[in-house]
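Just passing along the structure, written as structure tokens.
When the chains are written out, they are named A, B, C, D and E in that same order, and each has its own residue count from 1.
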Amino acid sequence: MEEVLFFVSAIGALGGAIGVVAMRNPFYSVLALIVHLFSLAALFLLLASAFVAAAQVVVYAGAVMVLYVFVVAYVGGGGESAWEPIPGQRLLAPALAIALFVELSIAILSSALLALGTEGPEVGPGFGNPEAIGKLLLEKFLIPFEASSILLLLAAIGAIVLAGRKREETA
Amino acid sequence: MTATSWAWLVLLFPLLGSIVIGLGFKVLPAKVAGAIGTLSIGLAFACGIGALLCLLGEDPEARHHASSLWDYASVAGLDIKLGVYVDPLSVFMVLVVTGVSTLIHLYSYGYMQSDKGYHRFFSYLNFFVFSMLLLVLAGNFVLLIVGWAFVGFASYALISFWYRRETATRAGMKAFVINVVGDVGLTLAAFLIFRELGTFDYGPAFEKAPEVFTTNEWTITAICLLLLVGAFAKSAQLPFHTWLPDAMEGPTPVSSLIHAATMVTAGVYLIARTHVFFELAPTAADISAFVGLATLLIAGTIALVMTDLKRAIAYSTMSQIGYMIMGVSIGAYSAGLFHLMTHAFFKALLFMAAGSIIAGMANNQNIDKMSGFGKAMRFTSIAFLCGALALAAFPGTSGFFSKDEILAYAEARGGMYVIFTVLGYVGALITAVYTFRLVFRVLPGVPCKEAQELIDSGHVAHEEPRNPATGELEDTDVGFPGATHHVAEGSWPMKAAMGVLSVLALIGGLIQIPGVDDVLSKWLDPVFENSPLAAIHPSLSTDWIGLGIGGALSILGIWLAHFLYVQQPTTPAYLIEKLRPLYTLFVNKWYFDELIDLLIVRPALAIGRFANRVFERVVVDGLVTGTEGTVRSAGGVVRAVQNGFVRSYALLLVAGFAGLALYFLISSS
Amino acid sequence: MINALLWAPLAFGIVGLFLPKRASGWWATLGALVTLVIAVGMVFDFDTGSSGLQHSVDVAWISGLGVDYSLGIDGLNLFLIVLTAVLWVGGTAFAAFREWERPQLFFFLMLLAETATLGSFLAQDLLLFVLFFDLMLVPFYFLFGAWGSDREGGPSAAAATLKMMIYTLIGSLLMLVGAIAAAIISADGGHLTFSIAAIQQQGLDVDSQRWIFWFFAAAFLVKMPAFLLHGWMPDAYRAAPLPVLVVFSGVLAKVGAYGFLRIVLPLFPDATIEFQEVILVIALASILYGSVMAFTQTNVRLIAGYSSVAQLGFITAGVFALRADGADGAILQMVNHGLVVAPIFVIVAILVERTGTEDIREMGGMALRAPVLAVLFLVVALATLAMPGSANFIGEFYILNGLFQEKIVFACIAISGVAMSAYYALRLYQHAMHNRKPDGIATREIGLRDAVVLAPLVLCILALALYPQLILHRTAPTVQQTVAGVTNGDAPEAELASGPTGRNQAYISRNRPIDP
Amino acid sequence: MNIEWYIVLSSLLFATGAIGILIRRSPMVILLCLELMLNAGNLALVAFSRMVGNQQGQVFAIVVMVVAACEVVIGLGLIVAIFRRKLPLNVDDLRELRG
Amino acid sequence: MNFNEPTLDYAGLSPVIALTVGLCVVLLSAVFKPVRRSAPGLTLLVLATAAGLLIWQWGDPKDLVSGALRIDDLSVAISLIAILTAGFCVLLSIREPATEQAGLGEYHALLLGSVLGMVLLAEAQNLVTFFVAIETLSIPLYILCATNLRREGSLESGLKYLIVGSLGSATLLYGMAFLYGGTASTDFAGIATGIAHKGMLDDPLILVGIAMCAVGLAFKTSIAPFHQWTPDVYEGAPTPITSFMAVATKAAAFAVFVRFFDVALGPQVDEWQPALAVLAAVSIVVGNVGALGQDSLKRLLGYSGIAQAGYMLGGIVVASESGVSALVFYLAAYAFMNLAAFAVIIARERETPFGDDIRAMRGLGAERPLLAWPLTISMLALAGLPATAGFIGKLYLIEALVESDYTWLGVFIAIGTMISLGYYLRVVATMWMRPEGGPATTPAIAGASPEADPIDPEAGKRLYLVGPALLAAAATVFFGVIPQPLVEFAERAGSSLF
């Protein structure tokens, strides 16, 4: 059962990813990413990370993707030409990506870390639930937590600065 | 006053004279400057006499003294003091130098009167005398080199005295450079002496030498050969002689003083001074003797065909110095030095007279154009004749005694050395011929244009002065040869100098008549007391037989000259036609200049050109431009990679990452 | 007092920045004069017999890095300091008589250069030396580049000086690495210090010596400049303003040669012995190549420049004869060469002003109207060619004697440079002063202003000619010690254990008895 | 399922994201590909978190989501700004700066 | 459930808090019209307060908030450098067109946000903090780069920086994930013990993780071959931001670089040392040759920054106390040298129509000596000539390298420096010497183009530009002549890790 779920989700995630890369129209890419994100959330659930999965769906697939859709709609999602202006890019890019994957896989598969070959230790039901995560966020990771909030604030300012109508221009 | 104090005074006066005249060139009236110059040398001569008397008052064995003023450069085991060495040899040299110099100064006083560089001339001349005295009085090899080089410099300055004449400056340069080659030889010799003997001082060096060296050991031979380089360069021996004829570009008193009487004899002095070394290195001594012999013959042959009056006398000088070098090299020290002295008298005289005539010829030195000066300049021609007789070794004159003494010694030394006697006599014959060739071409006959003018009006009306060598107009800014220059026999100082020298040339030999007085060899005996070679004396009979042969050859030579140039004036042309190759060889001075040009000057210039055009551009700059080019092209690559495409940047980032990961993966296994 | 000596020029220079244009030149000259007075005071105060450092100052500067502010005077640098002070007085005064753009800055840089130069002579700390060594370049970079002249058809002044900077810094940056390596290796984990004396005492292993030796040698050889590394010289010399060239050519090259004596010999004795012949070959090549180039050039600056290459070749050869006499001669010759080449450039400046050309073929016939100039020039030219009787002769005599006793073949080749120097020095003199006067050349006599600069320098040459012992005497003890440090095997233990090399053995037996 | 599977999957996603950045020219798609890469990281973090049995990785993943969101916001803001300046929305055409 | 409230050491956190509060205050000032123009002043005040608080914490090392942060002399030193730079940036931003377009308050708030990220980064000793901090640092910079919206280059630089920066961040994150997986810890110390105790020293997982982290950090510090964003972004960004980025980002990134590699990855020093050394060497070469022949001064300084980063990486390579000290010293010196240069570039940018082109510097020595001197000193210092802090910095670095037997890298620094003379001195020559080519011509686009910023012919005399330039130049010389105070400062910082 778990295997089936994994493969289904994995194929969804990978297919979504490939869709993102392959779709001519940015709008379809966004849709592919949403597929990808949902599949990923399923994988998180398989890994006993309920809170992360939930956040993934709510924050990402919900909020961020909506933003994307709006922007794509605003600027218009014309497709891009197939012409490649950078010599060698078309050949090197896949080659490097494959090399990257191979290297990472070698690193993972040849690692002496025994736990990699297991499904992970038995964990209690509380593992990965909002309470546990919240506790960690407020105890050990208080600073990153606070910093993230500042980061969001800064991003908001940034969005205004970059995309907002300028006072000078309106005045 | 000790002998050394006199010696210091001898050095002091000319130096002072030079400085005073030099500094006062704007203040001092010309006559005063000339007087100061002449007087200071005269005083030096007087001091030389003082030293002579001092030494005479001493035991012959004790007649050598060293004295030093201050440490010149004495550290690290090199003990170089500012010191003099006084012994009969140096006193003899001092007297010859100052004596002849005084007269030549006197001559110059008149001769240079109309020259705009009068002060400069006397300053140089005094400096030259100072240098020459330093050379002969120096107490160690370093100071010897200093004097040696000073002489060379003074010679340079005086040769290129008329410095707007390109021929003169070039001749000066040539003389200087060749002299420097000589200095280099001497310096290397000094190094080798120091290495083997640990000292530069004469006294200790000569004392130690016989203990340290075995006869003909390579070191001592090398030392002697290096000394010979110095000696040959200065004394214009083969193959370093080419500067001397060119040096005739200088004013005539200069030729008279430097290039006849004093400087060129320095080599003779040097060999005599270091005879200890040469006796330890007989091979080197023999080489030296042969070079002397070769020089005397070759120079004699060239003198036979020279048409330039001064250059002919210059070649004669070379030839005569060949005798001296030969003499001192085979061991005839006092004979060689005796010839040095007599030669100084008659050759200085010949030059003075020649100078007088040339002045009368409006600076034309070509004997083909001269004739009849016997009438036009009676006093001068008598002086010229006296000098010529002495040079030709006419019986009874000074040259007669001194030359034969050398040849007699060689005969007495026996063995191989007889060659020197035989060929020496051949040289003597040639000498007589070329000497009287000059006499017969210049003095008798129908007066030429200039001579006639002299007879008529008492002086020569000059045209625009031209360089006798190239014929180009002179730049008269510098003075002589200026338009107002007509000094032929013009003043009493010239006459006085020539007069005294004429007398000396005629009777100077009397102080050393074999078996009669031997003043000179007795005086010099202490210097050579330990020398086995000096102990050889030709027997009285050998001496007189030699004198007889010499006298006969001299008269034969004069007759031959008379026959060729007076009785049968067409013969020379006939001979030239018959012996064309030989004549060409002689006229071209045996092609020595060309040889040196080919072997040294051209290669040096070629190397210089190569260095300048090829090496500097290609290698040295190439080093720079090559490196710079590499760096710049690397920069080009970096900037080409920076193509502005953000995806390209990402690609490189990923590639870098892949590479780094690969490295780590490899290093993990 | 040593502090005053070092910093006086800079202090004057800084004040001068704020003075009116007209006064700045004279103020700078005054500064240089004050420095000279202090330097001469040092000579009087010098303990002649001692070989150690005198007047030394030693305080921690950057204690964290082991760098000390350590200065001192001994036989090696005493007269180089005086030379520096003398030439700077000459150079600044000569410049003060002329008009410059932005004179305050010009003279500030001149005096900054003096401080830096004095600093590199005085420094007894390896790093301080490197620092001053590099610092010297900075003011000259500006002086050459901003006040220099562009060459038609050649590189601009800026480009020429850039080349110079890069060339010289190549060496000195490597030297920086070498200096640090020397200090760290010799400290061997202990207290890190750059003090030359301390490093010398600790010693370095032979392998380290080998490569560090070359790092230092590179710096010094470029600075001199030696054969093959002289590529910067022609362009820079042509670009430089002449009063600056007076001090530059007079002093800076010597820092390189001095560096060999001060640093390389004491710190890397084994490498010195090992590479002696290599350096000698370079020195010989410099002598021959410099001479050959000097007599083929027609530009007056380059004749002087290439002759310096040759002269520095002699000096290097003297140092690397590794004998006391050679090194004594080298120091004497450094001073002499400085005293000679500086007036040459003064004269060149005068000639260029009169004739408007730097080509000797277009000069001539000056001597008649300018006899005093001619005489001064003659003295200088004769000293340049090491006329016996000049101090230069004694310098070369000592150098060559040292070389001769050690490496006879090298000496014989080197001495040919003497003969060549006669040719190019006289050629320069004759072309300028003698022969016919080309049209359009002003043959004025030397002016009083220039004479004030030139005459004292020539007097120095003459004075030294009469009494070179003045310098030799004071340098000898230190030199003796320095050279003995190399040849006597003050090297690390390992070297001694294997016994001195054959060459060394020969040296010892010839020079000093071996203690039983 | 063994954790290895998850990690290998994540690396595959990572590589896919990378290739997208390298070959796509629309800035919007590139931003999406960046999201892919960050998500790959998140998957790895969560998988490792499961493997080692502590939740720090999950917290990390949440923080990463925030960061990713911020980057998207900025990216989109820039895209809007570029659009307003009437510049082409193609990263290849933005190459005034180079060399 | 029991909640273990983390102990909050407010003293230690005070600088961070001050910056956060300040950020909000500055942001709010934009809302209220009467105080709208006071944002620069407020920012300076905030920075001064933070600096004061940091100095207060000097010499009092402690872990904060469950080991998420560590305030020690290293972090204080780096934070101070960042804050100093930010202060300069505020001054240089006065009258900068970009501030008007972004809004004064927003602009300065973003700046403070970035500084906050830097302070956090310097103090971070936990992977999560590290990641958040690096993003807090970067995201405001992405925005700030693009704030001169009128100029295409500004937008382009913002986008390029964002894309490549995020790629770097993603890589960094992935590497962190691997490290976390291999050691089960996100704390630096935990990672170190994890590596050492679980026999992971040469495990491929960990090593590839290290590689990825190295890529991420190398990206931030502009180490070749991860450097390519640098010249473009430096050139395109508003110049005050460039100056801030060039110095402060580098400082903060190096701080975490050294802490991460020397503390967390300390056990594996033998593995990463050679790799980083090679990266350093490559950077030195690429940066120096790339800068040759650049006409844009900002671009030139970008490439020079790549080379300088290569030098500084040497301080990390050696993994020793003196290496860290050398790094800190060099960073401080680098701050002064760069700031002096940028201040002058900004002044000329506003004064002439040439922008940051090297032609803008022609004849500066004669016209504006007060500008020419700082730039000259800066260039000479960057080139490592003596009597400047740059020389001592190089000395320090080379000493550290030689001590750890990395002499060859020292030689590389020397060689790089030689090449660098080719472009630093070109700038100097342009100011003081005759121009190489013909007379300066006005660029075609200037004036007419809507992109061009207004020209202020008096900019070269404004105190807020000349002052910082002179100050930084004076500091460069001062610390070149009397380096001892700065050396002690650096030594204290260096000793906090070992």
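Note that in this section a contact is a pair of C-beta atoms (placed from the backbone, for glycine too) under 8 Å apart; a residue touches a chain by one contact, two chains touch by 3 or more.
Only a predicted model underlies this, so the values are computations on that prediction, with no experimental measurement involved.
Between chain A and chain C, the least number of touch steps comes to 2. Seen from the Cα centre of chain C, the chain whose own Cα centre is farthest off is A. Interface comparison, A-D versus A-B: the pair with the greater number of contacting C-beta pairs is A-D. For the pair chain C and chain D, the distance between mean C-alpha positions equals 64 Å.
Distance between chain A and chain E, defined via averaged C-alpha coordinates, is recorded as 30 Å.
Taking the mean of the C-alpha atoms as each chain's centre, chain B and chain D sit 96 Å apart.
Inter-chain spacing, taken between the CA centroids of chain B and chain C, is 37 Å.
Contact of a single residue of chain D with at least two other chains is seen at positions 7, 14, 17-18, 21-23, 25, 47, 49, 51-53, 56, 59, 63, 67, 70, 74, 77-78, 81, 91-92, 94-99. The residues of chain E that reach two or more other chains are 128, 131-132, 135, 139, 142-143, 146, 149, 158-160, 163, 167, 171, 178, 181, 203-204, 207-208, 231-232, 422, listed in rising order. Taken residue by residue, chain B touches two or more other chains at 639, 642-648, 650-651, 654-655, 657, 661, 665, 669, whereas all remaining positions touch fewer. Chain pairs that touch one another, listed by label: A-B, A-D, A-E, B-C, B-D, B-E, C-E, D-E.
Put simply, chain B touches chain C in their complex at residues 22, 25, 70-78, 80, 120, 142, 145-146, 148-150, 153, 156, 160, 163-164, 166, 169, 172-173, 176-177, 180-181, 183-184, 187-188, 190-192, 194-195, 475, 477-478, 604-605, 607-609, 611-612, 615-616, 619-621, 623-624. Taken in their complex, chain A has these residues touching chain B: 85-86, 89, 92-93, 96-97, 99-100, 103-104, 106-107, 110. For chain A in complex with chain E, the touching residues are 103-104, 106-108, 110-113, 116, 131, 135, 138-144, 146-148, 150-151, 153-155, 157-158, 160-162, 166-168. Chain contact summary for the complex, chain B toward chain A: residues 643, 645, 647-648, 651, 654-655, 657-658, 661-662, 665, 669.
Those residues of chain D that touch chain B in the complex are listed here as 18, 21-23, 25, 91-92, 94-99.
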